[in-house]
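Below are two complexes that have chain A in common, paired first with chain B and then with chain C.
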Partner chain A sequence: MTAVTTGGAVMGGRAVMAGRAVVTGIGVIAPNGLGLEEYWSATLRGETGIRPIRRFDPATYPVRLAGEVTGFEPKDHLPSRLIPQTDRMTQFAVAAADWALADAGADPAGLDPRAVGVATASASGGFDFGQRELQKLWGQGPGHVSAYMSFAWFYAVNTGQISIRHDLRGPAAALVSEQAGGLDAVAHARRGVRRGAPLMITGGMDSALSPYGLAALIASGRLSGRDEPARAYVPFAEDACGHLPGEGGAILVLEDAARAAERGARVYGEIAGYAATFDPPPASGRGSNLRRAIEGALADAGAAPDEIGVVFADAAADPELDRAEADALAAVFGPRGVPVTAPKTLTGRLYSGAAPLDLALAFKALGEGLIPPAGGGPAAARYGVDLVTGAPRPLTRSAALVLARGFGGFNSAMVVRSDRAREGER
Partner chain B sequence: MNRRVVITGIGVVAPDAIGTKNLWTLLTEGRTATRLIRTFDPSPFRSRIAAAVDFDPVREGLTGAEAGRLDRAAQFALVAAREALADSGLVPDPDGAHRLGVSVGNAVGCTQRLEGEYRKLSDDGARWLVDHTRGHPNLYDFFVPSSLAAEIAWLVGAEGPATVVSAGCTSGVDSLGYACDLIREGTADVMIAGGTDAPIAPITVACFDAIKATSPRNDAPEEASRPFDRTRNGFVLAEGAAILVLEELESARRRGARVYAEIAGFASRSNAYHMTGLRSDGAEMAAAITAALDEARMAPSEIDYVNAHGTATKQNDRHETAAFKRSLGAHAYDVPISSIKSMIGHSLGAVGAIEVAATALAIENDVVPPTANLREADPELDLDYVPLTAREQRVDRAVTVASGFGGFQSAMVLAGVEERAA
Partner chain C sequence: MSEQTRTTELTVDELLEIMRECAGEDESVDLGGEIAGVDFDDLGYDSLALMETLSRVERIFGIKLPEEDLERIRTPEAFLTFVNERLDGGRTRISG
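Moving on, here comes the complex of A and B:
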């Protein structure tokens, strides 16, 4: 009755061999860079995408900064017929999926479409589109609501549109667990690969920077109202006061390792371990289960803590949540036991998009041997967190840990490993 | 050793049927729950009917504070989860909380609250720059529907993996498939899983109006949802929830739990065709059915009952009939097929889970629920759709399917467990 743990999965009454799932393509839409290379170099330089909101006049709101994506012209990236029927987050997702597939050199047309699947995460759906249609409904009447509304704002739209665009007819899924969903979707795509899909498109994308979206984000009580871009979102700092919202995310091509090797694909690295937990009820007084998620992801990867060279923190920038994250890291790695970074300080929190973006950076970091810094100043000493700030720091180990917590108590952790680590083993 | 997943508890909130027993009575009597919409003025809309739940949250055991804090979809989910847990007899052990997870299917989030809040903040659409100061304190929970999973997790004391599976109209069955994955791979021993949706709101009605997907048979609401009938003209929007307790078989046996059925196979596919359209050949739904049967190691001829998606749109019922023929071969003509959406309508991300519950009950009771309102056969649809009257017959193995916007196609195979254990 043993539970199958590391690398194995039992599916439908028959064991499936533990196929390794590797990332071979990455498409990035970030407030400080479009495309992986632009985003990576902007992040290394500490270039921020946090700016005053331009999409609408934020003067009447207590939050006026955000990580808006600039320079993304839908008509440059999407067929014209798709533009009126999609929200901005779907336009991002479709473009990023195109880039990820091109990056992987994997033409899905060359694969059996019945086998290739899609699993994505979204936290708030096509919300900007939704606000526009609500305004039409209540301002003008039911006859003015778009025929596209029925599918433009639901949470599964990105999975649907990506599958249609590339004729992917394999397993399809869409998950919502706020910020944690970005890792949950990638983990679910790994299940798809282990179950036999040669390739899965995965990741997460969100954009809710419409006025109603901002009002909802403000209601979370987690946003920062500061107006200086460099000091507004400063996790683990003495003066941390919440986060800034951003838009964007990343789409990854996940592939069976043997198949990727066979076709000579460039491999960024492996999705080596994952675990998810949920926190006890707030009133229980018991602490967070983030530590258990980290330990679970390490066990799933068969990794000892000292294999991890960098942690991409969830970085809530809320004193209580920063404390919980710092404590979980200290419990697993020891006080100041592992370098920690939070490049999301340069983009804002991207909800479902955040962790896939961190995965993209983690693979670049492992490949280039550099830890990208967090924006803002050093961590307050009381947290005992070795936060990398200022300049990039050398990265010598072979694995990275990405953390993502979702509002309400969702904790997900993922270990990624560079493929060079395996070459070393051989 | 392979880990097998069984259903040990069922909780349901359905139109005209709060509680599992009431659902089963409604389904076996062939009663229909569609009425004129009464919660708002439906007169400006093309389709003015829906299958609504007569639901008072406080009467169903929620506190006034919970009723105020929670969207209707969350209220349904909590009531159903509470019933499911009580039905299973499972008393969650705090030491095992990390082995207990949650996955909830939901298609359109907390629509009613999101729309209601929008109206308030925008002065009924008068301003684009909404007034955030008037927002409900829980607006963020309505904005990101993972709050639905969080609420259930708090209710049952789950500290394992929790998520919302939001694959449109296949969400209800997909969330159960996701839960099976977690139990089989060893991540969880028990999952509280199912679906909930409360979409009967002007915005939802308007957007289905805009594509003429819903039935405009406003003069005869109770007869509006008529799957597989020649005169069908669209689906009936509905609301509801079903939450199930899924357990690893051996642990269920160890505690002497009553087992409704085993979830023996699940598969999802995408048709990669159109966000709302379906290929007429049903190939991807057929592929999902075949994959689910393979996983269950069953031949098509062993299936005793098919719970259809059966929305009563022209397109769906043709698509699905083609898919059954393609996946089940000659057996498609012999096996009884029915759509309970004829009675409880289409509650989007919830109904797939209600249909899994109904399929488990069909196995438990050896009764096939009927397709209500099926009076005029469609010459194009030539299978046995069990018109009007429930049928007593042996049901050991059954398939339930779902199909949705975005191209999602899902199939789940259920089996009575005594029979399989031999």
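Moving on, here comes the complex of A and C:
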């Protein structure tokens, strides 16, 4: 079933406002900024979080740069009981969920705990925690392995810890579809709202920058081995050579639009449309299905291509994948038909964390009327992509498109709209 | 691999220090007060926190404690008795 909502239109005498899911709170952990405002302003300034890896000595690895989060001290943000039982990605997720709820001015304690849910994505699980405990297992013996290993490295643990912390017993889910998971989780949370949850906590968080985690990421064959932070991750460039990994992500508070309006909540905007497709096997000779995901998300949002003011690209920085993304955009919007940006060049690819961060930026961009630039130089002409670089560009339209592709053939696309942008146009 | 083990009794202060280290502490609970007879639940410690503590205590004393008895132990006082009784006699040493 494809649900096409038309954002407030009345069909058959029934307002389809019901079931609209809006974002009312955002918590951000990024390599170039903690918290939404810090991250937004760093991104507008083109400030990079890409640096030589400091967590361990990367000299012997083929990848030595990454977007590490700095200045996050777990004890400043988490109760002491949670610290020994959580991986870094979970510490990020729990803190960002706290920030998102505070930002929304929403206290789940006032709601029916059986109705409020959590849906998050993680692509790597708790690698740092897992590596430490596996080293103890083989180095010191099973008696030295933490009891918390039983759950601390699971993909689902962020959803679980957020649920426990706020006593949320409604729909709970963990989505694992690599980079696409960040959008898939938010879409799942939207389903939760449509089915009657007054509030859902959603988003994605990843951190796999331990030696074992980095080795696993390198195995994809898609990482860049360059050592100059400004030229190592350059999507759509002639010398694109893969991406850099990063850590972090964003947690969002999603609410039923009517409920948010009733309580007078500040609304960043609406999750208006979503679609996901899967690619055929690489050897099949058939091309990417990203275009179908974009068209599906636009249809779901009831949006024409010209409503989209900016695309937050997946930006793989791999010549073949960049080509596929450029072709999909050209097919839907025309050559250079829509401004495209890739602020993830300033953070590295954050896997499940990437798309929720792009959603956060998309809402800020629509609200402030500014497209944040991608790092690096303009796109190579042959791609036909209007990549925003160097400085922010004005944004006047009311919707944005966020794309995320996951290793293994996942394509997800999400359309967001902002009422604030539309108010600004009046 | 062998570890330095000890045979003197575990004290309540030591137990709390071990719990703080391996499971943190609930900010809303004053662990400095009279807590020897207080239920672990009220101290903010769940079953996993106790398992983690048990494993740490086993390593310090070089003993093996029966995990299945853990669910009957509800207070720091009972935990101390459980451990110290096994230090006094019939101690099972972990080999190597």
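In the analysis below, the second predicted complex is superposed on the first by the 401 of 426 C-alpha atoms of A that agree within 3 Å, B and C clash if a C-alpha of one lies under 4 Å from a C-alpha of the other, contacts with A are read in each partner's own complex, and residues count from 1 in each chain.
What we mean here is this: contacts are C-beta pairs under 8 Å (C-beta built on N, C-alpha and C of every residue); 3 or more make two chains touch, one makes a residue touch a chain.
As the structure is a prediction and not an experimental result, all values here were calculated from the model.
*Asks:* For the overlay on chain A, clash or fit between chain B and chain C?
*Replies:* fit
*Asks:* Is chain A touched at more residues by chain B or by chain C?
*Replies:* Tallying touched residues of chain A, the top partner is B.
*Asks:* Touching A:Phe72 in the superposition: chain B (first), chain C (second), both, neither?
*Replies:* A:Phe72 sits against neither chain B nor chain C.
*Asks:* After the superposition on A, what does A:Pro84 contact: first (chain B), second (chain C), both or neither?
*Replies:* second
*Asks:* Could you tell me if A:Ser146 is touching chain B, chain C, both of them or neither one (first, second, both, neither)?
*Replies:* both
*Asks:* With the two complexes superposed on chain A, say which partner A:Pro281 touches: chain B (first), chain C (second), both, or neither.
*Replies:* Only chain B; A:Pro281 stays clear of chain C.
*Asks:* Per the contact definition in the header, classify A:Tyr212: touching chain B only (first), chain C only (second), both, or neither.
*Replies:* first
*Asks:* After superposing on chain A, what angle in degrees do the C-alpha centres of chain B and chain C form at the C-alpha centre of chain A, to the nearest 10?
*Replies:* Once the two structures are overlaid, it is 60 degrees.
*Asks:* Just to confirm the geometry: in the superposition, how small does the C-alpha gap between chain B and chain C get, in angstrom?
*Replies:* Between chain B and chain C, the shortest C-alpha distance works out to 6 Å.
*Asks:* Looking at chain A, which of its residues have contacts with both chain B and chain C?
*Replies:* 85, 140-141, 146-147, 150
*Asks:* What residues of chain A sit close enough to touch chain C in their complex?
*Replies:* 79-85, 140-141, 143-144, 146-148, 150
*Asks:* For chain B, which residues are in contact with chain A within the complex?
*Replies:* Per the stated touch rule, the residues are 1-4, 44-45, 97-98, 101-102, 106-109, 114-115, 118-119, 121-122, 124-126, 128-132, 135-147, 149-150, 153-154, 157-168, 171, 174, 178, 181, 184-187, 202-203, 205-211, 213, 250, 264-276, 284, 287, 294-297, 404-408.
*Asks:* For chain C, which residues count as touching chain A in their complex?
*Replies:* 1, 20-27, 44, 48-49, 51-52, 55, 58-59, 94
*Asks:* Over in the complex, which chain A residues touch chain B? Could you list them?
*Replies:* Going by the criterion above, the answer is residues 1-5, 8-15, 56-57, 60-62, 85, 113-114, 117-118, 122-125, 127, 130-131, 133-142, 145-147, 149-151, 154-157, 159-161, 163-164, 166-178, 180-181, 184, 188, 191, 208, 211-221, 275-281, 289, 292, 351, 406-410.
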